[in-house]
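Dropping a structure here in structure tokens format, bear with me for questions.
Going by the order they are written in, the chains are A, B and C; count residues from 1 in each one.
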Amino acid sequence: MSLADRSLALSTGSRNRQRSNFELYAWLFMRVSGVVLVFLVLGHLFIMNILDGGVQRINFAFVAGRWASPFWQVWDLAMLWLAMLHGTNGLRTIINDYAERNQTRFWLKMLLYVSSAFIILLGTLVIFTFDPTIG
Amino acid sequence: MQTHRFDVVIVGAGGAGMRAALESTKRARTAVLTKLYPTRSHTGAAQGGMCAALANVEEDNWEWHTFDTVKGGDYLVDQDAAEIMCKEAIDAVIDLEKMGLPFNRTPEGRIDQRRFGGHTRNHGEAAVRRSCYAADRTGHMILQTLYQNCVKEGVEFYNEFYVLDLILVERDGRKETAGVVAYELATGAIHVFHAKAVIFATGGYGKVWKTTSNAHTLTGDGMAIAYRRGLPLEDMEFYQFHPTGLAGLGVLLTEGARGEGGILRNASGERFMERVAPTIKDLAPRDMVARAMVAEVREGRGAGPDKDYVYLDLTHLPKEQIEAKLPDITEFARTYLGVDPVTELVPVFPTAHYAMGGIPTNVETEVLSDNDTVVPGLYAAGEVACVSVHGANRLGTNSLLDINVFGRRAGIAAADFANSHDFAPLPEDPAAYTISLVEGLRSGAGGERVAAIRRDLQQTMDLNAQVYRTEATLKEAFTDIQELRRRYRHIAVQDKGARYNTDLLEAIELGFLLDLAEVTVVGALERKESRGGHAREDYPGRDDVNYMRHTMAYRIPGAGDESGVRIDYKPVTITRYQPMERKY
Amino acid sequence: MTATLEPTEAPARIEPRDVTFKIRRFIPETDDDPHWEEYVVSAYPTDRVLDALMKIKGEQDGTLTFRRSCGHGICGSDAMRINGRNRLACKTLIKDLGTGEITVEAIKGLPLEKDLVVDMEPFFAAYRAVKPFLITDGHEPTKERLQSAEERAVFDDTTKCILCAACTTSCPVFWTDEQYFGPAAIVAAHRFIFDSRDAGAEARLEILNEKEGVWRCRTTFNCTDACPRGIEVTKAIQQVKRALIFRRV
């Protein structure tokens, strides 16, 4: 390849073009989910650890009581999904930043996605199939 | 050795080279060879603006601009060329704006204009606002804009290719252009570029002096290569010293600072330009201001511990104006001298700035091998060329104009030539001279260092061939140069490698500088008068009877330092303006 | 107006002192890996680092290789890592680097070619990829295009870029991800996206919306710190992100 060809190839762009708004939405999601999580998580911590005698009162019955209400189910579900997706996307970014080889990058991300999916599915399952009678 | 074939090869990627490339690439297969990356070129250091009689802010016309150019050049200007430049200036500015150049704007949204040295309304009545500008980084904007458009047009660049020789062949007793030979910095390989037309746009040779606004890379390569190939150099004794270089450093502070209202003062605070140019004062042409400054220092009115500089005073200007219109020079003063122009006086002294002379061309930018014979296929534009639109002294902003007007003309002319002519055959061994030059230096075993010879050259030139010259100082400089050329024969390059061998290239550049210093000094010795940028204390007056003519310097062939300079003359083209006394 | 003149007594003379430079050398023909070498050079406090490097090259070791041109911070040739920070050697004075030894190495993230010289081609390739030129539509006016001073001011900051690569090679994302456009290319795009005369913003935003575009920016502000022209690089990148969000969401 002559020098001129080389610079021509570079100028026309040999980089992988990915025409989608995925990165844009991912970036926006981080901001929005971050703000929502502040309320959800602080609210959660406040209710669980401070209100009405705090952490001492938490037991099976307490949890069962809360999840009897669709409001708390939605709260906890939203918290689970947003936190997991926020964290997963953050880790994806960190892997992109720090893993230098494409191979490493790929496998680390696979590990990340599989474990995230597992936790999200498990958590969702628990919230919706929770049986207050087993206690 | 690799051989490439192009219709047009442009040497140099500053303003003139890239402006030419934009025209030539559209018309013919073009390569641009540059020893730097294009955006490193010294066009980017130009600050103040580019004059054109747009009349956006006050009445103006290109004929007044032509007159100012001719008078500013102390009547050594070829008036037909100046007329073309000033007429085409208007389109040149508009072209740049259309290419995207971010000019400063008037309240109506048009290109703003400001005052500049030597530019006047109605043949000298008062200073006129003619300079189109982008803060104090007009050159930067021009360079970036031209490069951006080269990217757009897909101009083919060969970056860090040092052109070291021009291939001229004799056909029917006439010199013809066959291409250039280049050294690739990255690999050390020699490349032959076989071309129908070659444009030299390699810039100036300010590094002959110690105190200079020029880049380290401005070593006059194009001029020296042409000179070594037997082409003449025109008016080399006319070298411009810009009045306001940062004292001791030479870093340029734009004349636009005075255009915005800045004032030069001596140690006692006197506005000494009032004495020298009562009408336009600090906005007199650069040669007059530089001489006045040196005179102040010589007569003991200089400032500082050694009384060796004067002051540029901007303190009376509003802070906002300084920071909006002159941000870069403000930063230079703060960075390099620790002086804040908003509240303090800035130490300044003349700095070697611009070569009015160079490779002689006609208005079509065709290079001349004597007073009127064109070298077919060879073109030159910008500081390397002498059209001559600047005569004995260039007006501020006219260099940016020169590169745009004549760069464009060169691109068109070279492409047209290439489209109507065949390749001149390459000689048997086109790279022989270059290889022997490179290998000779690489294998040199003497004890002389490049840096030492360069320092000595710059010292003698600063001391003996600067703003003021006399027979005695010039002879001193000449003797020194001869001695330095002898020492140059025993030069040793320490870096023997092939890749990025800048040590080797500095040695070659030094050879060019020595040649050009000699031509400059010999031309100055032979011109026994004072005119524009050439001020002889032993001949203080202008002598139109004997010296109303261009100097043409030819190399007397000889091996190494055995060569000499032969001086000849060429008449000045006068159309409308008869020489008059130059008063402002 | 003489009131502003400084007192005439001479300031104390400043003497040169010996300064130790530790330079990361690499000669491709003979070295397998870069190594540090020390040089002691006599320099004035007001000397530029570039002056010292030239002195070392001229007087001590001609093989020391670096790029330089204008010598006063407007050509962008001599960006290097000086005492661990990206700066221009010609805009950094010895006195501003403390009294200890001064380390100099090539900028990071671009292929090292020799000593302080790197291959700039990937950097310029990213620049070229963002369409860094005015794109217009409609009829060309016979005279200049009109633009108000306010419209001109919007993109003034990013017109100052000299393509020295100090920002791009200070960016941790660029160090590991050679596909990332890097701050300088985004600055170049910004200069045109926000130019009122330009009609190519959509195409440029499309390019910068790619996987390796502005969304890779981690706002570490290294680029803003490194810029020798004082461009608010991170801010420019954020403005491009904002333009994308507001146009697409």
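Everything below uses one rule, namely that a residue touches a chain if its C-beta (ideal position, glycine included) is under 8 Å from a C-beta of that chain, and two chains touch if they have at least 3 such contacts.
These numbers come from a predicted model, not from an experiment.
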Longest centre-to-centre distance from chain A, chain (CA-based): B
Middle chain, criterion being Cα centroid separation: C
Separation of mean Cα positions, chain B and chain A [Å, integer]: 62
Whole-Å gap between the CA centroids of chain B and chain C: 26
Gap in Å, rounded to a whole number, between the CA centres of chain C and chain A: 37
Touching two or more other chains - residue numbers and ranges from chain A: 7, 11
For chain B, residues contacting two or more additional chains: 151
For chain C, residues that touch 2 or more chains besides their own: 124, 128
List of chain C residues in touch with chain A within their complex: 121-122, 124-125, 128-129, 172-173, 176-177, 179, 206, 209-213, 215-216, 218, 241, 244-245, 248-249
Sites on chain C touched by chain B in the complex: 1-2, 4-6, 8, 10-11, 13, 27-29, 46, 48, 54-55, 57-59, 61-63, 65-77, 91, 93, 113-115, 117, 120, 124, 127-128, 131-134, 136, 140, 143-149, 152, 155-156, 159-163, 192, 195, 197-198, 230
Complex contact set, residues of chain B against chain C: 36-37, 39-42, 44-45, 93-94, 97-100, 102-111, 134, 137, 140-141, 144, 148-149, 151-152, 186, 215-217, 249, 251-252, 263, 265, 267-269, 271, 303-305, 311, 313, 315-316, 328, 331-332, 335-336, 338, 344-345, 449-452, 454-455, 493-495, 497-503
Complex contact set, residues of chain A against chain C: 6-7, 10-11, 13, 15-19, 21-24, 26-28, 93, 96-100
